Amino acid sequence: MASIDIHVEHLTRVEGHGDITFNARDGRVENVQWSITEAPRFFEAFVRGRSYDYLQPITSRICGICSIGHSMASLKATEAALGVETGEQTVLLRRLALHAENMQSHILHLGYLVAPDLFGVGSVFPLVHTNKEEVVKIVALHRLANYMSDLTCGRTTHPIRLKVGGFSMIPTKKELLELKGRLEGSIQTIMDVANVVRSAAGALPDFSRETEYIGLVSDDHYALYDGEIGSTDTGIHPVKDYLDITNEYVVPQSTAKYAKHNRDSYMVGALARFNLNYEKLSPLGKEVASLFGLKPISYNPFMNNIAQLVEYADSVQDSLFIIDELLDRGLKEDNAEVVVKAGRGIGAVEVPRGILFHDYTIDKTGNCVKANCIIPTNQNHANIQHDMEALGPTLLDRSEKEIELALEMLVRAYDPCISCSTHYLNVRFK
Amino acid sequence: MKPKVAFFDFASCEGCQLQVANLEEKILDLIEVVDVVSFREVMKEHSDDYDIAIVEGSIQRPMDEERLKGIRKNAKVLIALGACACTGGLNKLRNKWTVENVKEEVYGDSDIEGNPLFDVHEAKALDEVVKVDLYIPGCPINRDEFTRFVSQLAMGRTPRLPSYPVCVECKKNENQCVFELGQFCLGPVTRAGCNAICPTHGEGCDGCRGYLDDPRMDAQKDVMRKYGVTLDEMMKRMTMYNYRKEGY
Amino acid sequence: MDGIKGLLKMKTLTRDKWQEFVNELIAGDEREVVGVKAKGNRFHFGPLEDASELRLDYDVTILPPKKELLPQHEELLSFDISRSFEVRAVKDDNRKILIGVHPYDLRAINMMDQIYLGEHIDEHYRTRRENTLIIASDILNVPERAFCASMGTHLVDEGFDLLVTDLGDRVVITEGTDEGRGLLKDHADAEEATAEDVEAVRRLREGLPSKYSREVLVDQKEWPSLLEDNYDHPVWGEQARKCLTCGTCTLVCPTCVCYDVDDEVELDMKSGSRKRTWDGCLLKEFTLVAGGEIFRESPLERYRHRYYRKGVYLPKRFGFVACVGCGRCAAQCLPDIADPSEIINSIHSFSMERRKELPVPKVEIKGIKEDLLVPKSATIVAKKRMTDIEVLYQIELDSGEELDHKPGQFVEVSIFGVGEAPISISSSPGGRRFELLVRNVGDVTSKMEELCVGDKIGIRGPFGNGFDMEELSGSNMLFIGGGCGLAPLRSLILTTLENRSDFRDVTILYGCKDPEAILFDDDLSDWKERKDVEFLQTVDTCPEGQCWEGNTGVITTLIPKVDLDPRDVIAVIVGPPVMYRFVINDLKKRGVPDENIIVSLERRMKCGVGKCGHCQINGVYVCLEGPVFRYSDVKDLPEAF
């Protein structure tokens, strides 16, 4: 058989810059590599010496898509370091904001970044003409998520209302009722979109590789905002042990690091959460999962896409429960008092792409002297590499174009957020 | 003939491009007005034949400079999208320390010497490397400003940014001045166009859209002093999105 | 001021019945009810959903109720650019009731009425004003920085439909108009006010002045002359140094009413609108023209202008000092330099007494009934290129009517979706056609350059005062045109030549940058040939490659060549700003008196009808009292040259 050489520079339809290389000769895979070429941005330098009330706006800018998630992890870490106890209303509103982010990110990923592959086109733009009705529905679901982000955070990207101890502004009762109406009205659209995806889901390869899955777990709900670290291999671990779980290390072909735990790599993200927390899914979430026959534990990374759709539905329904609870309690000012003191705190939160850790050490004047962030996509890079190594050989009987597409779809399925992931070791400031 | 538009990004969080993807229904109109020939984040296709290049992100490495110069050559009009491209944004905060110092802090003694991926210099805004024709500032950009720019370009107009400060939009929104709420705000010296979004949601402006062409800095410092901001804190905030070695 | 005209009836409502009344108004879907509500720890006017939200005990709102009559953003016109000419005015006929307007804000609304419903009526404002009922309320609490009592604006006895005095357990209502009376009759269960009620109201009003901790020490009638004595007072520089030029003072002021206008087009490239938004003279680009010049550039000039508009120009024009002492600017100015009472008091205590007259000429304006903001459809019937950036167009109004202009007037040319530009009329009056010389300096003029015969544009106008042909009749005329100043001057020259026998000597001087910049070649040859006209021409320089055999040098080099009796000539000068100083100087040296020199001045003309505020030279509106001026009338205006 002839030699196959594929090099995809700056993979399209993913966030950030990464390259795929695939070389095969005489029926054997010689090299398959996923490398990150994203420019490092040195975010530690940005938070160096900054006052505790500026850590959230700065770390929010690590990522444009998960900015709400970074903000949450940052605030939790800051609050843990300063010993600030946030009120129940604040927690409910923050959970609502995280749902909005999950919804926004997942539907963007599915509708704009993955759907083109399922329909055999290069981008969503041609679909506007051939499948206008479906695109309009996806856009409507996207708009709902943006509206929800605006309401809870002031803005989808780089939230404004979030601050240490609570919120600078909270929605009014009228606004929550309006949101509730819109969420309820979206359920039919979700099912329509799910059916459209199902009709095209055959394009997702049937690939499986036993993998460890890691994510937040909680006793009583599908954890996004609060919980302990859960692993499908090793059970439950306290958040403070996150370094023992993640074990980051540098590799030469990548400006981003790799991670490993019980095996050579592990996966985080929607599929990981699904595998760990299936029982806690809302009825609507489970209904969407059953539409695709998706059950835990699924070892097919391509199912991460479907798990995202499941999570969109779950987020909508859980948001409705949260809104009802907020309205029952009655909205009032609920910001916690902040007393500046030295301390260290870790915040763990689920963002659309997986579990995120922020770890801050703050001195007695309230300035940050040490910081560490472990990004979900960092934790996935090694797994992407190993999945590629396993998938590669099974593709050798296909055309070059098909091999390229399959490898691209694999990376896309992880919904990587590469520009976040390019940095950081444990850093101590002198 | 629809103008051909291509999007590019360098060192950024991609939040500004996300605002374009977040145009929701308007994106359907957008692709009727212009021909998007390259937009890596949402499209597989790419073409080097474009009229307008819209670029997000700062320039960190020699390889980035080369790529940007190539884009400048291909484009008739180059638009800097977002704070990182316009002023360097947050990326410039590390310019306070030397490159060696920062690399050592972050990568320790890992073997990155001679690797072009890690060969960083000072963070630079786009116009420190090539000529920029238009600026759409903000962190992130304001979607309405973006569509206004596109619609004006399509009409043959030269889009212009407001030359007045954020206070104008803030007052039109009837906000209570955040100084009265015990916060500090760079609104009076920052370029409007964001509809004063941060003060409207209860947070002081941090100047992410860049300062006006001749901002009243001394008057601003007087006000901040009057409200009890220390010099150190003042400089930290004023240089956050608009880093300048010599401060203000 | 006691505040109650004897004939106004007063009624009383118990507190509960007052709430019921307001709730009934809210429930009815005839009118939207807007009242004073809390906003954070301040107040604002907003839609009421329940009477319990209404806070008649407020001291002052962040923004004045002017926003209900002249909104921050307002759609004026909507158009469809995919059609050849489709535009319509957008009127807001939403019917409203405002509840809680304090006397000082009511006085300010009356001032706004005089500005917007004066000779040229602003139809958008009028529609909204006619659809709004005002329920004013007596002041109960006074904000720290207000000085209404010393401005006499703490009480009011007219201008409201109803006036409410909240006495706590009951509310006394003074009827103002028939509509107010009807509102009360239809929706409230009110009793006649008792003598005690009337007395309680009187006592409340009497006790009000003592609540003010601030006062201005100068009577309003004296403000204009005090300010005219102190145009160069050191206080302006001292305060302007701290000024952020952020525009807050003008935005929160109830009597500030200037606005800017811009066109926008949706991404569908079809539907668009022309919107107006609040603008303010403190902002840098308030006086920016397309060519790039800013006529009031320094913070000092802008800071000072606001006080002069309030205290000199508007009083001279309308008879009122445009300040009601509400204290909003004083309270919200971050560097705290915006307080009129402090500035007036401080100047008063150390007056420089160096009088600078700042006249506001009274001009007769014929009231126009139609909507002055809606452009009329017109077609380009001929197009002739003059230079590489200037094109002469012949235009006809599609309605068939004549433009009926005077020489020296201008029109506002609309290209929907791009904007509007003021262009002087270049042809003499009479006939359906008129001519415009368009110079490509900005978005509108550059777009216009692309248009062809048969294309349509929008025309508003003619605006401005134009030259007074009757006054000029019988004189020796000396026309001096520089560069594209010849365009408006030509309309006067042609009119003069069409009535040649009405004038004695006619001399025309024309100078421009270089031979390639020469305009109106055909007319120039005409004038050169005519025996009854003396025509001299020059170019500043003749660069290599261009042909020129005539005089070279700036236009002042032509003046010595003219044989004139300085006491018996009218000189009309139109040209770039820099030209005026030199030409006028030379003419004066020849002995031409100031009254015999006429100029045409350019500023940023936007509305054309004396409302948007951008074209002001001190207190003079260039679009109303100009652009044609007698030099003696403007030579002392500090901002003129």
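For clarity, chains are labelled A, B and C in written order, and residue numbers in each chain start from 1.
What we mean here is this: a contact is a pair of C-beta atoms (placed from the backbone, for glycine too) under 8 Å apart; a residue touches a chain by one contact, two chains touch by 3 or more.
Note that the structure is a prediction, hence the values are computed from the model and not measured.
Undergrad: Keeping to the contact definition above, tell me which chains border both chain B and chain C.
TA: Correct list: empty, since no chain touches both.
Undergrad: Centre of all protein Cα atoms: which chain's centre is nearest to it?
TA: Central chain: B.
Undergrad: Could you put a whole-Å number on the gap between the CA centroids of chain B and chain C?
TA: 36
Undergrad: Which whole number of Å gives the spacing of the CA centres of chain A and chain C?
TA: 55
Undergrad: Measuring from the mean C-alpha position of chain A to the mean C-alpha position of chain B, what distance in angstrom results?
TA: The separation of the two C-alpha centroids amounts to 25 Å.
Undergrad: Touching two or more other chains, which residues of chain B qualify?
TA: As it turns out, chain B has no residue touching two or more other chains.
Undergrad: Within the complex, which stretch of chain B touches chain A?
TA: Going through chain B, the ones touching chain A are 10-19, 21-22, 24-25, 27-28, 31, 36, 39-46, 60-61, 64, 89-91, 93-94, 96-97, 102, 105-108, 110-111, 115, 117-118, 120, 139-140, 197-198, 200-203, 206, 233, 236, 240.
Undergrad: Would you tell me which residues of chain C are touching chain B in their complex?
TA: Going through chain C, the ones touching chain B are 39-42, 44, 62-63, 67, 72-73, 241-248, 251-252, 264-269, 277-278, 280, 283-285, 299, 332, 334-335, 417-419, 443, 446-447, 450.
Undergrad: Hey, which residues of chain A end up touching chain B in the complex?
TA: 10, 12-16, 37-42, 44-46, 50-51, 54, 57-58, 61-65, 67, 108, 112-113, 116, 122-125, 128, 135-136, 139, 142-143, 146, 154-158, 160-161, 163, 168-169, 250, 252, 255, 419-420, 423-425, 427, 429
Undergrad: For chain B, which residues are in contact with chain C within the complex?
TA: Residues 26, 29-30, 32-33, 147-148, 150-152, 154-158, 163-165, 167-168, 171-172, 174-177, 179, 181, 187-189, 214, 216, 218-220, 222-223, 226 of chain B touch chain C in their complex.
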